[in-house]
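The following pair of complexes shares a single chain, subunit A, combined with subunit B in the former and subunit C in the latter.
Moving on to the complex of A and B:
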């Protein structure tokens, strides 16, 4: 016990002294003002992309093609991962047990709140920080709460299966691809934003294709993560006996 | 029908408060999200619609909330502060019976116990809470209930039972 306290004190003291010494001796310059590139984004983003949110504009417009390839790479990685779990095993369901009644009741309320906030993050991604990936990940958190609290079988009973989720992910990615490809029909470049998609509908700012990408990306990310969470919840015995529950 | 309306109102309010805006975009997307979520989740959240028709329950909830965050929390905090300074502690887990019936009433009682400093519900089984208490003044379940959860239960039963 004494050794632990000594080591703890030693760690705190050394961490403090190293950081104080480094800041005194190295005299690290603090950035003052914006860099040239940042000034460009701050003053031109809304005109270039129709979205005031510079990060969303960079991700889905300035370097939109890059992001779409990235999404594809992640999709292939998930497909590869799922291929290791044997998808086509016989499906069985067990009676869900889960945790106590309290955990279940509070999880019901919390999951609803998480879903609400994830939707808010997604739908305002072209205006405020957030967007498709954070929104989708937040929704996946709700499922990751439900799996331990209600058990995976409760989700399966409600018809939330990995097969359906993977299909939903495929649909969302197809939609992202279509949003990127549609401008080509009118002879525009792939991943064109403002020249093809409206930046406003009835005076409401929609950020052109950015909000569409955000919505479909959110669906793709949420369904992908939930599918993986379900696969990871399959007990090892299921593989040994040749039965799967997801 | 009423349960869908209540869940819709709750989701919509949270959506607006979280976004912090009443711009048309927020209102329209909020409306869509709240309708979809209330249709899909209301049946899991509300069991007895009749209770929603009694606004007196809501008044009790507001009164309880105000009393809880002021008087009850202050009392519990002062007690724990005193015990930390004097190190006058006798920790242990006691068994406390629960009389509240509905799941929301029980959740409210349990959350109230856990949120006040000095007491934490660690488990529940067969209508009993198992409470980790900073100063076990009695191991008798009924007496422990009087000092730990009786006040919470009275309100919880009026609000949710």
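Moving on to the complex of A and C:
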């Protein structure tokens, strides 16, 4: 234990001294302004894409096709995860027991807050920092809090099963594909934004297809991660006896 | 101007401490907590470099999802590294 603290102090001191020495010896220039590319994005994003958020505009418009393929990679990764844990077992339902009343009440409050923040991140993804992936994974965190505190069976009793979640994920991914493909019908390029989708609806800025992509991406990410969490929380005995409920 | 630099230095040193604690810890549950602490200090680092988009994804994935996933995995194996109790 003592050597552990000693090594730790040595590490911190050496890190500090190396960084101080590096900053004194090497005269590293500090950037004092925006680069040419950054200036282009800052001044033209709102005109090109209808979204004031440059990062969301780059992710879903300027480099939209890249992100579609990235979504495909995540899709395949989660398919792999589901394939490992895939079990065709008999359905049994147990009474959910969960933890104490204190943990349950605080988890209810916290997961409501997380879900609200997740919705804010997703629906404002084209206006403020955030977007589909952070919003969806925040929602998955709320579900991952509920599973250990209320037990998996509480979710299953409410009708949240892995099969339904995987189906929801398929629907969301199909919707992303459709949003990307629809402009082709009118002879435009794939993943076209401003020439096909409206900049605002009833005076509310929607950033063309960016808000649609964000919403469907968050549904896909959240349902995928919750399905994985449900599969991971199947008890080990279920694999041995051949009985499960997910 | 000086506050972000102080935050940068503190958070990077804190992350070093958390990484060392996580690597040398034999109780895997404590190691997950240290790993989450490292993620939080990285989030502070990213925020002080003013990249809020990255911070949002980083916090949810590395503090929330990653820790939860590792906890699920630990629940399927032994809590202590090497099989025995911590001495």
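In the analysis below, the second predicted complex is superposed on the first by the 239 of 246 C-alpha atoms of A that agree within 3 Å, B and C clash if a C-alpha of one lies under 4 Å from a C-alpha of the other, contacts with A are read in each partner's own complex, and residues count from 1 in each chain.
Everything that follows uses one rule, which is that contacts are C-beta pairs under 8 Å (C-beta built on N, C-alpha and C of every residue); 3 or more make two chains touch, one makes a residue touch a chain.
Note that this is a predicted model, so its numbers are computed, not measured.
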If subunit A is used to align the two complexes, do subunit B and subunit C fit next to each other or clash? fit
Between subunit B (first) and subunit C (second), which does A:130 come into contact with in this model arrangement: first, second, both, or neither? second
Using the superposition on chain A described above, determine whether A:144 touches subunit B (first), subunit C (second), both, or neither. second
If we overlay the two complexes on their shared chain A, which of subunit B and subunit C does A:13 touch? Say first, second, both or neither. neither
Could you say whether A:119 touches subunit B, subunit C, both of them, or neither, answering first, second, both or neither? first
Contacts for A:225 in the overlay, against subunit B (first) and subunit C (second): which applies, first, second, both or neither? second
After the superposition on A, what does A:108 contact: first (subunit B), second (subunit C), both or neither? first
Between subunit B (first) and subunit C (second), which does A:206 come into contact with in this model arrangement: first, second, both, or neither? first
Could you tell me how near the closest CA atoms of subunit B and subunit C get once both structures are overlaid on the shared chain, in Å? 14
Common interface positions of subunit A, toward subunit B and toward subunit C: none
So, in the complex, the side of subunit C touching subunit A is made of residues 9, 12-13, 16-17, 20-21, 24, 52-53, 55-57, 60-61, 64-65, 68-69, 71-73, 76
Contact footprint of subunit A on subunit B as seen in their complex: 7, 10-11, 14-15, 18-19, 23-26, 28-30, 33-34, 37, 41, 44-45, 103-104, 106-107, 110-111, 121, 123-124
Partner subunit C, residues of subunit A touching it in the complex: 4, 7-8, 11-12, 15-16, 19, 55-56, 121, 129-131, 133-134, 137-138, 140-141, 144-145, 148, 225, 228-229, 232-233, 236
What part of subunit A is in contact with subunit B in the complex they form? 100-102, 104-106, 108-109, 112-113, 115-117, 119-120, 123-124, 127-128, 202-206
